[in-house]
Structures are given as structure tokens and as C-alpha cells.
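Two complexes are shown next, each including chain A; its partner changes from chain B in the first to chain C in the second.
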Partner chain A sequence: MGKAAERFVVEGLVEQTPAGPRLIGSRCRGCGTTYFPQKASCPNPACTDKAPVAALLPDQGTLYSYTVQRYQPPPLFRMDGWEPYLLGLVDMGDGLQVMGMLTGVKEQEVRIGMTLQLVTEPLYCDDDGTAVLTYKFTPAGTAL
Partner chain B sequence: MASGIKDKVAIIGMGCTRFGERWEASAEDLMVEAFSEALADAGVEREQIDAIWVGNALDDINVGNSSLPAAHALRLGQIPVTRVENMCATGTEALRGATYAVAAGAADIALAIGVEKLKDTGYGGLPLKTKGLLNDLWMPYGSAPGNFAQLAGAYCAKYGVDPADLKRAMAHVSWKSHQNGAKSPKAHLRAAIDMDKILNAPLIADPLGLFDCCGVSDGAAAAIVTTPEIARELGIGNPVTIKAIQLAGSNGSEMQFGEWDGASLINTQIAARRAYAEAGISDPRADLFMTEVHDCFSVTELAVMEDLGLSDPGRAPMDILDGRYDADGAIPCQLDGGLKCFGHPVGASGLRMAYEVYNQLLERAGERQRANVKFGLTHNLGGAPYNNIAAVSILGRKD
Partner chain C sequence: MRPVYALGAGAHPWGKWPEKPQLQLALEAMSAALADAGIVWTEVQGLVAASSRFEGGMGWGLHANEVVQAVAEQGIPCINVGGACAAGAIALQTAHALVASGQYDVVAALGAERMPKGFIPRPPGSADDRSDNDFLRWVAMGATNPAYWAIEARRRQHEHGTSERTLAQASALMRRNAGGNRLARYRDPISEEDVLASPMVADPLHLLQICPVSDGAAAVILGSEEFVRRSGKAAVRVAGCAVGSGQFGDPARRIPTISSTVREGVAHTSEVTGAVRAAFELAGIGPEDVDLLEMADNSAWHILAWPELFGFYEPGQGDWMLEQGKLAIGGELAINPSGGFLSFGEATTAQALLQVSEVLWQLRGEAHGHQVPDAKVGMTAVLGLGANGGSVILTR
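Right, the complex of A and B next:
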């Protein structure tokens, strides 16, 4: 990591730590709610101290639901060598759910409730040759 | 709670174009078609319209920004014109604006009109409107079918439903709507479809197959509203009145600080509860005679039957398979064929739903007419299951 020829699809999404990638969310110091992506202010109406600070999310979550996206979504979506992909709703704990693509698993092997590990993978190669990465989830224990 | 708008506003005229691939008609043509029918139905002249609300969600290409395209097309005087946009709830939002103007006494007669012309926007689903980080992240990966499909897995997990049983219930939803749509002259897709064909159709986003997804269409629909008193002066003694229009919008609770099961639509529950209270309906299962709901996907309609309180939690698949929501069932859903057969010209859909309820209340629904319809409900859902706007309206007769 850290090579100039890589970037994430959106800035401020993922931090590469020595122990692997982590999603960058926000945690509200007022009500404790965790948000992803980052929030400038906490929208929880019950919260009086709206002060989210950046926080790394757990690197694992639990699969809540999933589908196979079988047609190519419209731009801004971009993906080299497009083919249908698994898409899941992942419970990250503390009431936070994150949607993301699943990788390293076949449709027949996917089970709701399975533990998933956060990974990053290239989505496409930009016009200037930069590899554009996104976050994905893969069954825990199988990540490289 | 505020006293609400029950019976303060009457619908005295409605119009709806044929929905479909309207290559031959501009957005202006579609608006004129719906407006002309509504004017003739109401028996008023265009000069009597005091203000208009035009709903258009996505289609800046054919309709254009602001309310001016409508003002020009409908040849209105320099009256107040307003464009509203609230995703898939846009049509009902236009009706809500016109209704509130009349209820407030700001207008005697107001027009709500919704229009969308999507077939030539260059994309098969809905064109994507980005709003920065959130959509960059999620919507491009998910797409509408990808987002709604995940209701199915979460529903099966929550209630221990066999996915094959859910798939059959979803297929029944679409089968039923196609049965009804075949009798709807203004529907886009007017063919009855076999269960086998629905069950075996190519998958779009598992478990949603082709026939679990609604179409994309061009169309417009319009409503002319006034007070019941003015309606009476115009010779309409017992008009259709608006019993309730309620909206609820996500604030981020679903995926973040609330409790969400991924298998239901929280804002639909909230908007329905408010609408029942506004309309004075204590038991929707007994009091509602029909519903037109947001069946963008079959699984959405299935979940909505529970969120509207018409099926017990976990029971919607059985109720659907029992025919409870069929045209001859206890509470028919999509008597006109729904989004499934009309497609979804976003700004027009809410008013198209109201058009069917209106015609059922006035016993003008032809082959699709149900006996003794006293109250009907419309429901729109804009966005995705985890982040959306729900609109629920209830129509009935004044007396």
C-alpha cells in the first residue's frame, strides 16, 4: 500500500492500518451512535451533544442480508470487467449497517449470519492508470 | 395532533395519460393530455385554476427544471406555479401542496400534476441523480433492485420463511398485478403472465426476477382540488374528498441509531399510522376497501402489506398466496395493475394511484370496478429500504 498509483473510490472511506484496512466512520460523543460514512453532525433527534469524531469501525461484521446484482448499475458506477457481484448488508455492531460488495465467496456458500472480514480490492483502472480501490467483505478466515 | 385535512378538500376532476413508451408525445403533450381530461372531468375552465403544483423527480431532460414548463404547456395565466420533487413520493407531494393551498384558503381551485418521460433518457432503470458521497458510495453499487432485493433475505431470516415460499408469494404479487393490468386501458404492460413464466424469469437481483420488477414508462396524471363547498356550487354534491395525506422521511435511524430489521419499511409504518389517525380510521383491515401501493418490486409490496397493518408480521406471504389482495380478495391491491403494469414515471405515479382510487370511489372503473368502495389508500416509497420517504394518502366520499 501507499503506492502513488492507487486511490480509493471516495476519499475518507478507508484507512490502511498495519493490521489491514478499516472503514473510517464517525462516533458521536453525545449519544454514542456510530456512522458510516463519516458525518459532520449527528442526526439522532434524541442526541443533545452533536459531536461526531472520526472512528475506525471494526474490521469484521455479520451478514444481515444479500443479493446478486445482475445488471450493471448506471454511472457513476464504474468497474473493469464487469460481471454480476454479490452485494450484502453487513451488521457492524452498535446498530450500524454497511452495504458493500462481497468477494471470495460463491453465491451458494453465502449464509445470513456469517462473519465477514473487511478487505479492499481494485474496482477499475482510472484513465491515468491509477488503480481505484473499494472496500469489500469476504468470509472471515479467508482474507489474504 | 393538528386537526388535519380530513374532508377539507375535494377532488373534482382527475386525468391520467396512457402510460408507456410515449415516443410520439413530449412531456408538454403528456401534461396537456392529463390536464385536459381533468378539466373536462371537473367541468371548470383553466382560468379558474388559482395555483398549480407540478411534480417531476428525475427528468430534467424532457421536462426541465422549475414549474415553468408546466405553466407554458398548460397555458395558464401568471398564477403561482410550484415544482416539487420528493423522489418516488413526488406525485403525492404535488397533491399535498395543492391540497394544503385549498385547505388554507390560499386557493379556491388548485391543480396537482405529475409528469415524467423516462424512456428516452438513455438508461433502462432510473437515471442516477448523485448527491455526493452517499450515492457515490452506495447507490452505484446497489441500484434500486439490488437495494430492495435485500428485503427478501432479511425477511426470510427474521420469520424463518423458506426462500422458495417467499419467491412464490412474490410471484403471486406480480401475477395478480398483471391480471389486473390486463384490464387497465391506460397501463403500459397489459398482458396476463403465467406463474411459471414469472417464477422462471431471468434474475435481476436475487431473488428478484424480471417480473418482480416494475417497468419504466412515460406518463402524466393530474388532479383538480377545491373545497367541498365550491364543489357543491359546481354541482358535485358528494365529491371525493381527501381524508388524509401523510409523509414520513428517514433521518438515518434505519442503518445507524435505530432498530431496523432490514425486512420492513419503518417510514411506511409511521406514515400509515398518521394517515389512519388523520382519516379517523381505527381498523384499516375493516375500513380500507382497496390499496394502490408502491410495488417497485414484488417484495416491496409484500413488506408494505405488513407495514400498512393489513397483514400480521410474518403473515404477508400466506395472505398473498391466499388471495387476500387479489382483485376479488378482501382488500384488493393494485386494482389497476400498479407500478408493475403502469411502470413508474416517478412524478406521475402517486397521482396515477389516486386516479384509480378516485375512479373506484365514483364507480367509473369499468371492468375493474369493485362494489361499494368507501375508502382507498395510496402509498409511495421514495429511496431505498434503509433510507426513504413514505407517502400515504386516503381518499373517500364526503358523505
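Right, the complex of A and C next:
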């Protein structure tokens, strides 16, 4: 751990806490709505305060739906050893649904409603050897 | 507002036309529309072009100014509107307003597009950071557009028990309709087995259940009552015409975002359902009055789900309607008699204008080879990136 250099695919998406990774979203101080990723303002038309502040999302959610990305996406996406992967839509509570890759689960084991845990995994290695991480979801209880 | 009529429409067949510049596609569609309306360029008092596909105005597109500079420099207003894949509906809405206001008597709306191959990539020029959804969805998870539709389809299977076969039947129906439409790109019939045997793109959607991209162009000419009388054609009226944007709390998995904030009671795909509702209100009619619906079938899932969202029937009933043949030409509600996006491939900015063209020809009884019997009321519905929706109702 921590020997090789690491970075995330983009800054400001994930925070590594001592208890594990958490997604960084926003919670509006005015209307209480939670968003992901962080928002510059609050799109709730009934909210008059428009005061989103950074907030860590729960580290678990339930699977709402999913698919398998069978074809390699265009070049902006990068992944070492490309092969088809599961993509899930995960209900994080408070009405917030987040999309992300699934890991540690076979397609035939995936069930809508299953509890998932947030993890981070490298997608690819940069030319200078830096591991580039993204967030993923894995069946709860298997993350360690 | 004064009444506005669809005087004529024209389209360049959809396909891949590497030898034809976008401008050429546009000029051919406009020439066909002018001939259909029985007018000449000097009678056109304004041109609105659906000119851009993406948030921030980036991407492909054609400006109305390029068209008049090529073919008719006559001082008319050229208006260029964005709205991504809904841009054609926004162009029509704008042209409608110009005629309805009484300021102009004849205004054309035009969309022409040449699409790059394959999955639609991110356009250049936006910021590589987390403020850009289209950047995030690629770098963090590589979510292609079909993946979004597949996630909806999978959820529908979970909620309504929609079968793979029914989803395949939707594609087969579109292809059957396209068989008689010379403008469609894919016209060979396909069976449910063919659909299910085509490569899986994003489960449960196969290649033949997602719309490809194509080159194409379409133009619709709107005008006052005086002009439609002069044309001698059947008077087809724009009875309702509306555009809308998304509602807070909409549960749709909206391309290219990577999350939704869902609130109870908010319509799914609210940018389109809102436009549809507004068009119904303007026309003073409801779903029971509609003979045909030309809607954006970006995937087979859309064929099942969208009419339910618009109130044509209850959620989950789309499967039964399709299986019973009630959505076919000659059925209760003909869906995409043109063959839809699945048979055309999407030429983004042109697509909504092709929908309106199709409805016009249907209501005139001129949709040779794919005519809906005695069609009197036709509706369109389209969705564009950035939560743009549009809907048009024509009546005769």
C-alpha cells in the first residue's frame, strides 16, 4: 500500500478516509438535497438559498439496475487489459442514484436490490507508472 | 396566436453519404420541401436551422446562414438554434412562433447532419475536470449512450417482467414499418431471432435494439392560412407545438450525467413528457385522439416505455400493446410508421424535423408504402442532450 504513486481519474470525486473511500458530493444547506458529484449551485427550483457544501456520501448503497458494457468505449476511457465490465446504478439513499463500475461480482450473481460497498481500484497505469484509480461498487462483505 | 400550417416537407434519404457535404444534404432537403409546398425560395421569409448538438454549443451542425449564402441571398432572418438531438423540434417551435405571431407568413425549419462513426464521442473544447459530466462518464466508468438505455431496460424487466423477446419484437416492428419508407436507411425485414442473434452491446440491448448514427437532412416549411390555401394541398395545421427542459427530481438516467437526484412524483424524462403535455394542451386534445406517434426510439426500450410516460396507456402495458399488434400500422396507435430511429439511424439535428415531415405526409395520405389508414392526428416527441424535449401535434 502507498508504495507506488496513485491518483484518481479526476480530482474531487473520491476521498480516502481511514475507514475507506467515500464519494465527495454536495449537500445543499438550504434544502438539504444531496448531489454527486459536487455542484456549483442547487438545481432545486424551490430552494432559495442555493448553498451546496461538500459532503461525503454513504459508503454503501443498493443496486437499482445494471448492464454490461460489451464494447470498448471511445479513447477518453482508458483501462489496462480491457474486457467487458458491469456498470451499475446504485441507490445511495436520500433519492440519490450513482452510476459506477461493479467489481468482484459475476454477471450471473448480480441482483437488483443487493447491497454494495464503495471501493477504489486502478483502471490503468500512466506512462510514468502512476496507478490511475476510479471508484467502483462491490458486493458488501467482500470488500476486504 | 394565429393558426399555422405545415405547407410542405422534404428530406434527403438517411444513410452514409461520404461524398456529399452537409450543405448539399441540406439544399436537397430544402429543394424537396419547397417543391412539396409549391413555393420558391423568394417566398421564404425566414429560415431556422437546428445547428448544434451539445451543451456549450460545440459539435457538429449547419447554420441557416450557410444555406442562404449558398442558394438565396435575400436578406431574410437566419436563426440558428441549439438543443442537441431535440434541436429540430426547437427549430420548428421557433419557426412556428415567427408565423403565429404574424410577423412572417412563410418560415422554414431545417436540420442537416453528417455523423461520425460509432459511439458518439465527447466533443472537443470542454474542461477536463469534474464539472463536466461528459468527461466524468468517460474517464470514471466508460458509460456509452447504450449503457444508459440498457440500465432503463433492465429496470423495466425487473419492474414489469418485460421479456427479451418483447424487446426484440419492438425492433422487428420498426424494421417492418421502414420496409415501405424510401427515406429509411435500414429497410430489410428482421425477425425477433435476428435481433436476439445480433451482438450484445449493453445487456439486455443487442445491436439491432439501439439506434445507429446516420447522415440525413429534413426541412419543414410552415406558413399562414393564406399560403396553405394557395398551395392547394390538404390543410395540415400545427395544432400544438412545445419544447421543454428537465424537472428537478426526474428519475431518468440522463446522458451524460453519472447520477440522478430522484424525487417522488416527478415524471420520468420530464423534458419530453412536459413538452408532450404542453402540446396536448395547446391542441386541446388528449392521447385518445392521436392516430400515430413518431417518437425518438433510441432503443427498443423507448418503444415500450415512452408512450406510457406520455399517458397513452398504463405503465407496463406497452409490452401487451406491442405483442397484440396494437402499435403497428393499422393498430390502435401506430408508433413510428416511418421506421423510427432504429431504422433510420440518428442524424441528430435533422431527426425531429424528419418526424414532423413524416407526420405531415401521413396526414395527407402520402406516406406511400407505410401509410396509417385515415390518419387525422399525428404527434412527435424527441429528446436531446442537456435535458431538451420537444413535441409537435399536426391535425387535418
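By our rule, the second predicted complex is superposed on the first by the 140 of 144 C-alpha atoms of A that agree within 3 Å, B and C clash if a C-alpha of one lies under 4 Å from a C-alpha of the other, contacts with A are read in each partner's own complex, and residues count from 1 in each chain.
Everything that follows uses one rule, which is that contacts are C-beta pairs under 8 Å (C-beta built on N, C-alpha and C of every residue); 3 or more make two chains touch, one makes a residue touch a chain.
Given the structure is predicted, the values throughout are model-derived calculations rather than measurements.
S.K.: Which term applies to chain B and chain C once both are placed on chain A by superposition, clash or fit?
M.R.: Partners clash after overlay.
S.K.: Given the touch rule stated above, what does A:A40 touch, chain B (first), chain C (second), both, or neither?
M.R.: After superposition on chain A, A:A40 lies in contact with chain C alone.
S.K.: Following superposition on chain A, which residues of chain A contact chain B and also contact chain C?
M.R.: Dual-contact residues (chain A): 9-10, 12-13, 33-35, 37, 43-46, 64-71, 73-78, 87, 89, 95-101, 107, 112, 134.
S.K.: Which part of chain C faces chain A closely enough to touch in the complex?
M.R.: 118-119, 121-122, 128-131, 135-144, 147, 150-152, 154-155, 158, 199-205, 248-249, 251, 253, 258-263
S.K.: With touch defined as at the start, can you tell me which chain A residues reach chain C in the complex?
M.R.: Residues in contact with chain C: 9-13, 33-38, 40, 43-46, 64-79, 85, 87, 89, 95-101, 107, 112, 134-135.
S.K.: Name, in rising order, each residue of chain A that touches chain B in their complex.
M.R.: These residues of chain A touch chain B: 9-10, 12-13, 31, 33-35, 37, 43-47, 64-71, 73-78, 87-89, 95-101, 107, 112-113, 134.
S.K.: Which bits of chain B are touching chain A when the two form their complex?
M.R.: Those residues of chain B that touch chain A are 123-125, 127-128, 130, 133-143, 145-147, 149-154, 156-157, 202-208, 251-260, 262, 386.
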